[in-house]
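Read through the structures below before going on.
In the two assemblies presented below, subunit A is common to both, partnered first by subunit B and then by subunit C.
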Partner chain A sequence: MNLTEPYQSDGARGVQPLRLVLVLGLALVALCAPLVLGTYAVHAAVIAMIFLLPAHGLNLLVGYTGMLSLAQAAFFGLGAYTSALMSIHLGTSFPVNFAGAALMAAIVAVPLGIPALRLRTTSFVMCTLGFVIIGQAISKNWISVTRGDMGLSNIDKPTFRLLGASVEVAGPVQTYYLALAIGALATGVFWLLVRSPAGRNLVAIRENETLAESLGVPTWKYRLAAFVIAAAFAGAGGSLYVHYISVASPLMFQTIYTTTMLIIVLGGGAGSITGVVFGAFLFVGLSEGLRVTPELRMIAYGLCLLLLVFKFPKGFAPLLQKLWDRAGGITRKEGSA
Partner chain B sequence: MTAPLTILEVKGLTKSYGAVRAVDSVDLHIDRGEILGLIGPNGSGKSTFFDCTTGLAEPDTGKVLLEGTEITNWPLNRIAREGRMLRSFQKTVVFKQLDVEENLVIAGQMFAFPSVASTFSFGRAARDRVAGLRRHARELIELTGLGHVAHMPAGNLSGGQQKLIQFASMLMPDPRLIMLDEPMAGINPKLIERVVDTIQYANREMGVSFLVIEHNIDVVTNLCSRAIVLDQGRKLCEGTPAEVIANKDVREAYLGG
Partner chain C sequence: MEFLIEQILNGISTGSVYAIVAVGMTMIFGVLRAINFAHGEYYMLGTFGGWYAISALGVPYPVAIVIGVAVTAAIAFVIGRLVMERMIGAAPEASVVATLGVSLVLQNSVILAFGGSYKFFSEGYIEPVFFGDIGIAQQRLLIIGLCILVFAGLEWMVSHTRIGKAMRAVSQNTEACAVVGIDVRTVVIATFVLGTSLAAFSGILTAPVNVSVYGSMGEIITFKTLPIIVMGGLGNVRGTFIAAMILGIAESFVAGQFGLQYRDSVGFVTLILMLLWRPHGLFSSHARF
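== the complex of A and B ==
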């Protein structure tokens, strides 16, 4: 796998004009897309940017630390319910709910992570799957709080309050810009995180945990930290999601949420930030786009995934890297990939 | 009783796996600045002894003291970080997908940052620390003669070059004591000389003490001032390499004991 993206010095100095055009072009596309796209496509883009948050968290675990967790959907749901309940009972504004959801997910991740991280490989995966099932059971059965299968509905659209004025972000286009801002911010934070010394230690754990231990890295603490941070990302995503679709229900713990996050990361390219951003748009877009044939939708989606696995076993990250290298006028002597 | 001269002292270390006593009440001490050899036939308990002293395994009984501080049952990462006592592995391990320089930077990080939390920062101070590590890493890369492959993924290099990476990694944190588990196993004879040179350089110029498990008797004679022989989990004899080689019991142990 080409997982070394964050640490390769690519040798190019100064600004490459072609790269600048590429980056500015993409930014322009992102900013102007809602003006051109239909309502439904804008909606799909919003969903993609929401799923980007738990996907970043999952990428931290799978791509950087080398642990496959299915619990992201549980923290996504937890964040959604937290945000919904805060909004209903406390009437707090969106930024407060958003932070509250991320914080709640992080806090809950600590007692869940401590026993789970004692497990390795498949046992760990099964344990994290258990968290999603427990989440669903709680949301269905703690009726006094969650209203069970009826779910919590009519949740406020994202609302910002400033100096007594209240602004509601309603409709796909407005939400698009909110999600774009949050997605860009989250991506920036994630970028800083994986480039920090701690990010390097996580990669060391992925590469060889015993070696990392022998060089003084307390690997258990780092794995717990990664689990908690990933949960916070997922909780934040759940908050934005619930305020956008305005319903929180036990359906949020369905397998499809877990698989969507997994496909984004593995298909986009674990260990690559650009790969995961690309994956979020591609796979959510594909899933939504295939609604033109409702009967064949899931079959076609499955076939597309099969094709992907055979054509791009490492996800799209290597392809994007090659494109980026070419834009910078670099021909890399290929070492690892 | 720990004389200030002693850097590591192991007392009565015992470790059993089921009915097998892999290590049977072994005493050992390493003096500051010494290169001590640990030899013995396959299955004599050298590696188990190593794992129990460095925190990779827990001994059943016995004590390990590093400069007078008891470190028995400390986990591997703590012994490395707080004790600055580093170890290598018999089967060479490197961070394969990362380049040589990154391998070394990782090796130094936990010594340059005061806590786990401080490694999560990406401010100027953190960047300066990493830049310092990178400079140190380049020096060690030059020292070990890996300059021309500094930006190659470590997994693409030869076994001998990987040994050198591992060795250079252990020098990153200014170690007090390095424990080497068969550093010469399976490497190109030309590189043996370079590894020996590097060990001697680190010993002489950086004041690092060593415990070296080694089968190559020439290397032991060349490198070590003192050697200890283990056989069937017990200490068989101790002395200068020449004395040890001449010992009758040692010959028997190797030839069929």
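== the complex of A and C ==
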């Protein structure tokens, strides 16, 4: 399975009117959606935008650097617990907790990444899975801090404090706009990151690590940096999640979280930003839609994973690319897109 | 002293359970170069098959073992043809995702069919036997004995039978096998069905000791088996046996000294420590995977 397309320049120059309409239209839809949708659909959209954060991180690892890491769920849980504990014990406001969670995940990722990144393929996957299992064990057993299986509950809704005034973001619609802002910001940051020379170097590592090293790319530093940045994204996602659902428990380290992140990135298309954004809404929507029958939901997920591997190894990214090309007035030869 | 010996004996019997499951997984890795994240689900399927045979058909325990293994082998054959066969020559990432998918489908199909509640496994030989002051359940002795038989049988098979030799050949070089006329697909399916049947066998053997049977029981087994096969050196049968025994005994001590709740993380903690010290596994001199 080749997960990603080789890097290709777009070819379009200047602003394409049809593309502009498409982007503005989507932005308008995103802004107006809560006014039209029911509460449950808005809730699903919030969850999708929360999962977008760890998915961006995973995309950086799988899609841009070529490392399949299962540790994103561990950092997601770590971020959630960090944010919850800060809110309970320090009473800090949401922006502080959010930054704290991302920072904590990044800091912890360094000592975990150094040994893990020495490993390749299967051993690396196993090691990163181990981080999730150990995270769950810690959250279950460090009872004085995490309250074990009972979890931390009644965590504050996201609160902003400015000049003495305190604003609480409560309810799905308000959280929707907060999540939309954070999701858009994160996507923008991610886009800048992968378009920068550093992002190109990561792609070079994915394509051929030895060759990249021989051309003077410090591959070890880049891979560690990618692992740490991915962890920060996951930690930030965990923070938003915990303030939205207001409970942190060891259930956050369940396999289903890892699977959801994987399916978003692989289904959307590893190495494609729009693909992953699309994947987050599609697969979280599917999952929330099937929540009434949890077993069928899992079976559908499993079948999706199988279908993705065998029928659509590149996810939805090629489809989206074709649409985008058409909007830009570009026709590519079949097979090169 | 008695306590210590009892702990070691319990550790060996737990290790035997892990060893029978893990050897199947490591053999599958050998021929496919694919980690089977669904392996624990076949352990669960076997247990459910045995439980269903006993509670619905009323058969005695030994017959239930045969039924459970046969049902699992049949399911594994279908999955082998539909999914695992396509893993030949695929990237490791593809196998991770595909077998995670298989695991979700199998686990939740069983929960959908039989409900999510705990079932009670009533058969087996659970009366203890005493050697002096040391007591051990008959079932545990049975597990240890059968584990030795399984490993002796596997050693014989891979060195003396045609299919066993073919398995070794495929795990060494798939292309060369195709050149000399070994049907790689048949060998892969055969190994997969054998490996998963062993997992099912282990599940039914352990059921009388564990007593409860439930749909998500396979996941924890997968998570215990993964560190074992990596520690044993992927594809290495003897290494897997030793790693399984080490983990079984280590878990028994941790549960005895620190408490039961820490038992389930012993495997991965040991694995990560080992990967720091010897990234290539305990029993091989260079990194292979």
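As a convention for this text, the second predicted complex is superposed on the first by the 307 of 337 C-alpha atoms of A that agree within 3 Å, B and C clash if a C-alpha of one lies under 4 Å from a C-alpha of the other, contacts with A are read in each partner's own complex, and residues count from 1 in each chain.
Methods note: a contact is a pair of C-beta atoms (placed from the backbone, for glycine too) under 8 Å apart; a residue touches a chain by one contact, two chains touch by 3 or more.
Note that the structure is predicted; figures quoted are calculated from it, not measured.
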| item | value |
| --- | --- |
| Contacts of A:N141 with subunit B and subunit C, given as first, second, both or neither | second |
| First, second, both or neither for A:L306, with subunit B first and subunit C second | second |
| Partner chain(s) touched by A:R118 [first = subunit B, second = subunit C, both, neither] | second |
| Touching partner for A:L20 - first (subunit B), second (subunit C), both, neither | neither |
| Subunit B versus subunit C as contact partner of A:A181, first or second or both or neither | neither |
| Contacts of A:L262 with subunit B and subunit C, given as first, second, both or neither | second |
| Contacts of A:L296 with subunit B and subunit C, given as first, second, both or neither | second |
| Which superposed partner A:M126 touches (first subunit B, second subunit C, both, neither) | second |
| More subunit A residues in contact - subunit B or subunit C | C |
| Touching partner for A:V217 - first (subunit B), second (subunit C), both, neither | first |
| Set of subunit A residues, in rising order, touched by both subunit B and subunit C | 1, 3 |
| Subunit C partner contacts - residues on subunit A that touch it in the complex | 1-3, 62, 68, 115-116, 118-123, 125-127, 129-130, 133-134, 136-137, 140-141, 255, 259, 262, 266, 294-296, 298-299, 301-306, 308-310, 313 |
| Interface residues, subunit A side, partner subunit B - complex | 1, 3-4, 7-9, 192-193, 195-198, 200-201, 203-204, 207-208, 210-219, 221-222, 225, 335-336 |
| Subunit A-facing residues of subunit B, complex | 54, 56, 75-78, 80-81, 86-89, 93-99, 102, 105-107, 109-111, 113, 116, 119-122, 126, 129-130, 151-153, 155-156, 169-170, 172-173 |
| Touch list for subunit C against partner subunit A, complex | 35, 83, 86, 90-94, 96-98, 100-105, 107-109, 111-112, 116, 219, 223, 226-227, 230, 234, 261-262, 264-265, 267-269, 271-272, 275-276, 279, 287, 289 |
